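Questions regarding the structure given below will be posed in turn.
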């Protein structure tokens, strides 16, 4: 896998900087004949668009996607359909306030990629975090939309925030139908005012907080993934840990499984209707031996608090001077909230790739 | 990346089944001129060899590695050295008690890959878990030895178990020099008798327990890894989640970072000696923006309890009958212990690949 | 390797259709700090631009390239330089006369990809040949420009046409300095009028002819390429055979070597100045055992005559009717001429990738 | 693609040196449930085994293949079948006469990889040509056998020698049924005595000669291959040019197409039985636009004469001295003859990969 391409049969290559003229991706290996137009992709981008609430970045960006290739329509197709050739998607940047970052041109924001990029490349585009900016994820969200068409309607993907700071949802109270009626994708109505207050306080203090995001996928058959290195959980771990500010990934019971006994952790199987197995639990989170079990995939990602805060933090400059860095300008008090549509998109891309690889090797 | 190959420049392809005649790997892309002989590799295999204590699998396997290619020696080399061509390593299986597993030929052990393999392939080698067996990791440990030569002596890799079942080490008491003087790679001497008793009880009951393993790597320069998809933390997450029974991976503060504020989580930088930065903390775990920071890499892996237990667990057969499955035969009460040298090997392979890729792109 | 990405460390992913809004490429893995701006790339595109003589396609296309990412400039860089992050290049299509092709919407032009695309995908963009059009090569020429910066000034790449139809150049008369002073990149001044007359006749008859193109690269060190599957000649063969209408690739003596004896074919070596070997001949064409020898690379590509001709050719339609197909509209009587800058670009990309891979594995 | 792995879904990684203890390959991505045993593979190896006539290498090697993984059999399978997991094949070297090459330990045989390997790696296994030896092809032939099972009985692959030195077969006289009744895989009975005499003369003189090999594959559907970079002809060119001593690859009319007109070169299409197209010619050699047309694939490979000859050839040593090199010991007067089963195997591997990729992307 190249530095900026992921997937094996369903491959996505992204490009673009936060403060460059545009960003985009090339999606390659998409099956032909799938309906695809810009409006379909746009709905997923709108879900992540900055400026939708006072809790996310105050940058105004229309994020309009254009399809530049890979789709065709005439009077015999049923609307625009994929041709099987590469699909190039582009999103133009229109709102770039470079001057907000000039103060820290030579200062390394702790925890960001500033220092590491200079060490690796000797040169970096410091405006808005350059390539490391979370805006790059717009391209991945667009690719995820294409992936959803590959997966089809039988596979459902949904994401939510399950913890902000120290405040976790009550799993007994979860109602996934409520995630889109609050600004946090919160599936626990009682937590919404708690998070609201916590984030207001955090934001006004110029501070930041972490979060945990959970993504589920249901409707998969058993058998997707390839044992050992193409394991479905490996691919998911790689994709999710690649999200900006991600510091942990777990599947099913995750880290809690370490404290369980074999009896507690076993996912019992009985026969259900239509001769299909029914599982008693899903500690495996939908993956066993690296392959899908047919149970819902359950993945959680831990997002750290951003280092772009108002409080001065001890750091150094490019020339080795000690300075205190504080970030003035637009920032997210909780970047984890915006990770939800990105994580959903990564789930979709990983599954689309697994679907095609499974079909390629086995014919099913 | 193929199903059974990982890495990009330093590539490892493994092969072999638990109950086949042998298993091995091909390591490709290794730089030439590095000292390498079977004894060097063997020491890492011996660290993982089953039968070393009553707490791990009671299978007796000499696990002797042979180097079949990629190494050359004559009177002008300083001992055997790598040629730069592929290095083929093989380990023959000598102790395979097939009959222990015959009872469950058609039964699906819950949580294992039995059911998922049948769903994917329609055929599987059920003896000893076939390809999904933990024995496959011997090949990866062998590859890790080669990777260590690529990394050189300046880079130190060390692993330990930091939690067994509900019993976690006290981080204030950690002494990494003690990990090899007990059967658990435990770095907290006070926990050793606690784990001993807990595992004795678990094993005699025919039950099993999970664990958390921690791997550290120090001596890295800053700048290894490639932003976005070749991110060092993505590669580590993928490698570690691919370890048998792994259910979670975290880096640095990991899931705990979700509850931190930006101030608590920031890794402050000051100037140290020789004009090199000194960090105040390492919540990032050695990675920022997907690249190494120069700080030690700190990675933890959660291993679930094995499903191969004596207690009957509800399951089904290949033909859809409901049965109770119990596993008689050799098994690990805590497979997490044996994950330590495997995780160390994966760390080495990921870093060797990162080192060569960095050198390829930047010349450094 | 994906369907539309080639290379391993220096990777190029292209996208775009002949009659879509734009086409382009993402170049990934480029070392940082190399000077790069649009004007530099543009010179290579202008070399291939249609409409430059009456012997090539009469389509007017400005082919202006834009750099959308991967390059940065401020007062401390010496002009715009690569950042090491992906370089996205885009070329907008401005002159697309769709109606010229409507007559053959359902007809399969023999020898083109029309029939095969429908068989594979079930849908195709038939306007101007869609993805299979030679216009896609503009993206590859742009990528080749970036590759040249990676290679540096010590490596010289040059291309020429050495045969059009049955008329081959006289190798004793070759003068590479004359290739840019005629419309054919002909290195044999005496052949120019012969080709001129031949092509005029061919074009007026609405017919077409094939050609052989030769590309040379000098200044390479020995040792580039990776034995067996990353062989330099394998990579070159793949890249050159991928050029539209290519039907053969040979290196050095090529097919003529089949008739030679070992004595005739041997490239003798003697010592030259500065302790470097001097070769007596170059039948190997610069590659031995899959690695560069340090001698100039010499590669030839055979380009077949295009099937888009005025003469009716028996063919079939999508519905299985028998028709005669004739192509009215702009076409090249000899597409081989336009292959020269494309082949030069492919040479550059393959060598850039080989350079970085060699450096990655060996440190040199 | 890694240095020693080729293919994308059906992937082959080879390993082993000419004078090491063994060589082999790992075949990964093979569909499950295909019959496979050692005897089936052995037949293809026996076809290439040295010592079968006085015209090929006089080294006695049983070349017995062992299957070490990836195949399973019990009372419910119909003999041994592939499991879908990696298939490891090994062939042990038993006849290695190192001393024959000692004289040239420090001498570079012109045209071989000796010089280039030293330049790249600084160290090489000089015994028998190390990794660059033609014996490595045994592993590829074994992999080709597996590929044939993937392709199934409907696809026929056959190879022949069509020219030795200056003596080409008469295409009007071709009878492919006669290729296995002479030591040259010659399909033109009248050429057999001519080649016999020519090679006897060449061998006794200690000289060598080149050859051209032709491989055909029939029974393919249309649509295999992926446009632009996964083009079927690109993949074939890469695979064939990777054969030891290969210096040219052409498809269909190949280099002769350069001299043709569009009318001469067009492959006319009419409707045949069962509503399938019938082609009037096959100048395309079975590939158009990078995809299979359904017509037979026709590929030719030019093999140069080996440099291992008795006649002294001017060369240099590792220390820069001028010497004359002559090769005493076993050698092929025409290595091209042995290329036939290797080229057939490469054809099989490329097609198996294309089949699975096509199925993965399109479901067909």
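Which chain is which? They are A, B, C and D, in the order written, and residues in each are numbered from 1.
Simple rule for what comes next: a contact is a pair of C-beta atoms (placed from the backbone, for glycine too) under 8 Å apart; a residue touches a chain by one contact, two chains touch by 3 or more.
The structure displayed is predicted, hence computed values, not measured ones.
Chemist: Supply the minimal count of touching-chain steps required to go from subunit A to subunit D.
Modeler: Steps on the shortest route: 1.
Chemist: Report the chain whose CA-based centre is farthest from the CA-based centre of subunit D.
Modeler: In terms of C-alpha centroids, the chain at the greatest distance from subunit D is A.
Chemist: Write down the chain pair with more C-beta contact pairs when B-C is set against B-D.
Modeler: B-D is joined by more C-beta pairs in contact.
Chemist: Starting from the mean Cα coordinates of subunit B and subunit D, work out the distance between those two points in Å.
Modeler: 38
Chemist: Where the centres are mean C-alpha positions, what is the separation of subunit C from subunit D, in Å?
Modeler: Computed from C-alpha means, the inter-chain centre distance equals 26 Å.
Chemist: Using the average of all C-alpha atoms in each chain as its centre, how far is it in Å between subunit B and subunit C?
Modeler: For subunit B versus subunit C, the centre distance works out to 45 Å.
Chemist: Mind pulling the residue numbers of subunit C that touch at least two other chains?
Modeler: Answer for subunit C, listing residues that touch two or more other chains: 2-5, 8, 14, 29, 32, 84-85, 120-122, 131, 227, 362.
Chemist: Given the complex with subunit B, which residues does subunit C contribute to the contact?
Modeler: Residue positions touching the partner: 8-9, 29-32, 84-85, 227, 356-357, 359-363.
Chemist: Give every residue of subunit A touching subunit C within the complex, in rising order.
Modeler: Listed in rising order, the residues of subunit A that touch subunit C are 2-5, 11, 13-17, 20-24, 26, 28-29, 32-33, 66, 68-70, 72, 77, 81, 83-88, 120-125, 130-131.
Chemist: Along subunit C, where are the residues that touch subunit D in the complex?
Modeler: Interface residues on subunit C, with respect to subunit D: 1-6, 8, 14, 108, 110-117, 119-122, 131-132, 136, 163, 165-166, 202, 207-212, 221-231, 233-242, 246-255, 257-271, 275, 277, 280, 283-285, 288-294, 302-309, 311, 313-316, 320-322, 336, 358, 362.
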